[in-house]
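The following pair of complexes shares a single chain, chain A, combined with chain B in the former and chain C in the latter.
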Partner chain A sequence: MRGADYVIRRTGAALLTVFVAVTLNFVLFRAVPGSAVTALRCFHCTKQFKAALEQELGLNQSMWQQYTIYLGSLAEGDLGTSFTDHRSVWQNLKEPIMNTLPMLVIATVISVVMGVAAGVVSAWRRGTRIDRLNTWAALSFYAMPTQWIGLMVVFYIALRFGFPVAGIRDPTLGILEEPSTWTVIADRLRHLALPALTLGIGLYGEYALIVRSSMLETLGEDYVLTARAKGLKNFNIVWRHGLRNAMLPLVTLIALSFGYILAGAIVIEEVFSYPGIGLAVINAIDQRDYPVLQGAFLLLTFAVIFFNFVADLLYFKLDPRVTA
Partner chain B sequence: MTIEALPPAGPGGGLPGTDPAPVAASAPRGVLRQLVLGDRQAAFGALVLLLFVTLALAAPLISPYSPRGKVGPVYAPPSSEHFLGLDDGGIDMLTLLIWGARVSLLVGFAASLMAMLIGGTVGILSGYLGGRTDTVLMRITDYFLVIPDVPLMIVAAAIWGQSLLNIVIIIAVIYWTSTARLIRAQVKSVREQVYVKRARALGAGNVRLIVKHVLPQVTPLLVANTVLTVATAIFAETYIAFLGLGDPSQISWGKLIQNSLTGGAIFSDAWWAIVPPGVCVTLVILACTMVGQSMEDALNPRLKVGHLSVHRFRLRRPPVKAGAE
Partner chain C sequence: MSTRGPVLRVEDLHVWFDLPGGELHAVQGVSFELHAGERLGLVGESGCGKTTSILACIGLLPPNASVAGRVYLNDRDILEGGESTVAPHRWKDVAMVFQGAMNAFNPVKRIGDQIAEPMELHRTAKGRAARTRVVELFEMVGIAPERVDRYPHEFSGGMRQRAAIAMALACNPQVLLADEPTTALDVMVQAQILELLVQLSEELGLALVLVTHDLPVVAQTCGRAAVMYAGRMVEDGATTDLYHDPKHPYTRLLFSATPDLYAQEHIVSIPGVPPRLDRDIVGCPFQPRCDRAFAPCPTIAPPFVTVAPRHAAACHLNDVALERTQ
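Entry: the complex of A and B
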């Protein structure tokens, strides 16, 4: 098989990165003057409570012991126990992650559709007013802080058109009668729509710019000239010959921008009070819930490493010119 | 801007496209003229930046009211005395915006300068020394590239405390990687230039070679890259401030955006508290992107080929190319 050693090398690199991330996570939460407990500025805690906490976290042991214990429990899939509700970190984070995922997927679909449409039109009509308008719009949306886009969406769309602006579920749902599955789904979608739209708008600019440049390059290729000479319709040339080849950078970029999507999701969830992973992180910071924060950070890092890995493999699979 | 400070072009300028990227092939004065006269984008960007920098520097002189004093009712709409109305504490919005520019730009410039120092050093050492140093440094760079930046910023800000200096350091420590990669690639090609080899043969030491020959060749690109990083840093600052992890005593645009959410501007129908800070951030980021990008274009004609390519909109970190070393 082509590039088996490439896959192996990439896998090895990804695993090594995971290990470094795990270690960094350990160091980051301990590389503070004093112990993690004092660092979390638990002002109202008593001395005894702090001592008990340090005992519970194993912070009174040596660094090396702590590290091996930490690695050992991670290997068993144990991310620790939350300070606030004493459930396991995974229990705490499972539901937020499940809430965030559909939002990410819908946002990605919105941004890709918008980005491809804008980019293709721009490249097709390059140098015209449409192109300039498109490029400016893409650049501007790209430059807007995501949370601000969220606020604008709430202010100018949600309030004017009666969309819910907070939460994930209508609190009155199910009080009078058992709601049908359909109502629940519709309600969920209504709550999802605007956060996903916000994230989509924040992302589309980058995609549009990349599709545009990639299309411009592709449209300059000889085979496009050949297609034109053969008398193919413009539409066919652009969509069948141009876009198919121009999509390559976009496909990998989508996988690679996962880190950014997550970042956007965090602030958007704050704007919309959407109970996803971002809000979980923010709450963990507010409550100084250090194990949850650490667990969430680790999971987010894993996710980004994973998507980077996927992007590498995709790129390799899609572009035969890439050599191992 | 720092364009004036560009060093004279080294003797390495060949025909563009004939060899891998000798930077600063054209004379720097030509670059400057091209930037200001030839390129409307860059001129616009430079003008906007200049305007905001002036506003920020002159904040104590020109701001109409005190940035901390209540001058009227909460969320008073725009009027002839208060062009942009008042915020949730009854403070003049225009004043807050001007003072916010100070902190936002300070964080932006300080963080990107620091990122430039780290990234430039790593890039030069890595590209110049090559071998094992290169491998180790690039591995480290790779790890920094996969760490999700915003969660790391959040965690770091939450753990290390919320001073302005900490935020600057955090942003710099996260965003030096793209600079390092770019500079490394340039240094690698400069190192192989004939005149560098000749200088080495004449007995020039590493330090002299780096300072006299490599540095002048990469500095323009480094400056352009720094301007682009300013945009990233300002963007990052709005995130940190928005999540309540900024320095609580400082007014920045990110903090103003946060205030409009926490202060309930949305439900008070106070657009003047929501819209302006975001517009300011967007304008400055656009301006930085345009100036930085035009500088790169002017400095490296080769980049023009892939116009609007991935690597030159570095608001978010550039993706790691598959198979990159």
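Entry: the complex of A and C
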């Protein structure tokens, strides 16, 4: 069957990619000169102490042994232990990830909705003033650095309309009384609204341009003329015959740009002091907390692979011509 | 031919395209009429305005085109009120088969659904009834009914064109406008599709306009042919009359430029190129290429008039012939 075969192949490809990513992740951090132990500079860091530490961290074993140990612990879901607070890496990363994910989802929704709307309108009104305006806006926002958009959002939106500009939770919440679930959710949404908006604006431009050109191509197809001859009205032509075909490149683009979205998130979380995965990575770099860094990289890699896998399945669902 | 009036009557149709380089007068006063069950071949070189004319009839030209003239469907002018008067007739009364057999269907939707779409749109059938109708149409054009749920890429070129014809028949139209329906197909499939069109027009009393640059196709399919040149009608008459007794030099040269398997003569090409349509044409548009041009041709445009029973042409030579016989 077309479906089962395809899913099996794609799953296999995704798993293979994960394995390669894990291996690269291991090699990359070992390729850096020195180790967590040689980097230590402290009064009581004697040779004996360092040797003991190497023993404890397993750094005195051969690369191959380290690799198999790494794989083994990964298979058990053990990402290692943080150098700084000695909690497990997963404990360190769980909360930031949970903070970042909803922000990313909302940002993606904002950018896709804005991008598709702008692109479709532009394509449909090609060459008119609204098309030119749209295209220029999209190009401009595409070209703007995300952190700069973030600063502008803080200046012109947050301060004017009273949105919080830092953190993820109102510190006064829950001091006087236990807040209701709704209050907590509303507070969370207020905090992630602006980072998500910033990221969404930073991304929408590219989507709008892609949707515009893809929609223009689709609207020039014979089946669109056929649809008009069949008596379909403009809206239905775009909705039933244009959009789905024009969306195909966008599905791939969103999946491919997921890595970029995460990178954008790192910068934006810094601007908004949003305690997400981006801020966690920055802190880990500051403190040379290699296990956390390594764990974060690995999880991000998994996320990118996962979303590409989802895009593949979606593409398959959307386009009956895709076989294997 | 029925005794009732024509199903489709086109009068003095003009089309201008507003292009960056200026205005292009693509169709310059085309008139023809078509009765139920009649098959008209619309022939001419590329760019002579054949496709533009039929797209204009049903209001399908792009926004940069302006149209003048009258198109009567059963004696009602459908272009009169613009989009609002022409839209209800699309597909319901006047359906089309396009050149791109490969691309007339949306690649991501099932063929059956796409055929049912106009029925639901024009409320001729819906749901299960529409599906029954699709199966019926499939049988009519010779496709196995179990293929209704297939996607376009699973059909061969010929089958896709059959399906396109089935789709055109979905709402029982009176007029079928076929724009080069066989160009993309190989000769065997081409013959089958033409045969199908002839058979359907006879069985259903369908008036057919077949746009093509392929004269043998017209000879094989249509009782009547109209020849277009530079946006104008130059000759209109029974196909046999046009072949044996052309009343316009262009028609004659067009036939001699067509390869014939049994003929002994050489193929003659017509020297020169058609005139530019973005500037006014003085005199007969064909005159610079005509082998029989004479005094009035460069200055006076010949009117499109009846020169014999059911035979019209636009050429000064016919006036001379007429004078001689008088």
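Basically, the second predicted complex is superposed on the first by the 301 of 324 C-alpha atoms of A that agree within 3 Å, B and C clash if a C-alpha of one lies under 4 Å from a C-alpha of the other, contacts with A are read in each partner's own complex, and residues count from 1 in each chain.
Going forward, a contact is a pair of C-beta atoms (placed from the backbone, for glycine too) under 8 Å apart; a residue touches a chain by one contact, two chains touch by 3 or more.
Every value quoted in this text rests on a predicted model; they were computed, and no experiment measured them.
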item: Simultaneous placement of chain C and chain B on chain A, clash or fit; value: fit
item: Partner chain(s) touched by A:244 [first = chain B, second = chain C, both, neither]; value: second
item: Superposed model, chain A: greater residue contact from chain B or chain C; value: B
item: Vertex chain A angle, Cα centres of chain C and chain B, expressed to the nearest 10 degrees; value: 70
item: Contacts of A:228 with chain B and chain C, given as first, second, both or neither; value: second
item: Which superposed partner A:312 touches (first chain B, second chain C, both, neither); value: first
item: Which of chain B and chain C A:88 touches, first, second, both or neither; value: neither
item: First, second, both or neither for A:320, with chain B first and chain C second; value: second
item: Partner chain(s) touched by A:267 [first = chain B, second = chain C, both, neither]; value: first
item: Which superposed partner A:29 touches (first chain B, second chain C, both, neither); value: first
item: Chain B and chain C, minimum CA distance [Å, superposed model]; value: 15
item: Chain B and chain C contact sites that coincide on chain A, given as residue numbers; value: none
item: Chain C residues within the chain A interface of the complex; value: 58, 60, 87-88, 90-92, 95-96, 98-100, 103-109, 117-118, 121-122, 151, 153, 164, 167
item: Of all residues in chain B, those that touch chain A in their complex; value: 142-143, 146-152, 154-156, 158-160, 231, 235, 238-239, 242-245, 254, 257, 260-261, 266, 271, 274-275, 277-278, 281-282, 285-286, 289, 306-310, 313, 315-317, 319-323
item: Complex interface listing, chain A residues touching chain C; value: 221-223, 225-233, 240-241, 244-245, 318-321
item: Chain B partner contacts - residues on chain A that touch it in the complex; value: 6, 13, 17, 20-21, 24, 28-29, 32, 36, 39-40, 135, 139-140, 142-145, 147-149, 151-152, 154-155, 159, 165, 206, 209-210, 212-213, 216-217, 249, 252-253, 256-257, 259-260, 262-263, 266-267, 270-271, 281-282, 285-286, 293, 296-297, 300-301, 303-305, 308, 311-312, 315-316, 322-324
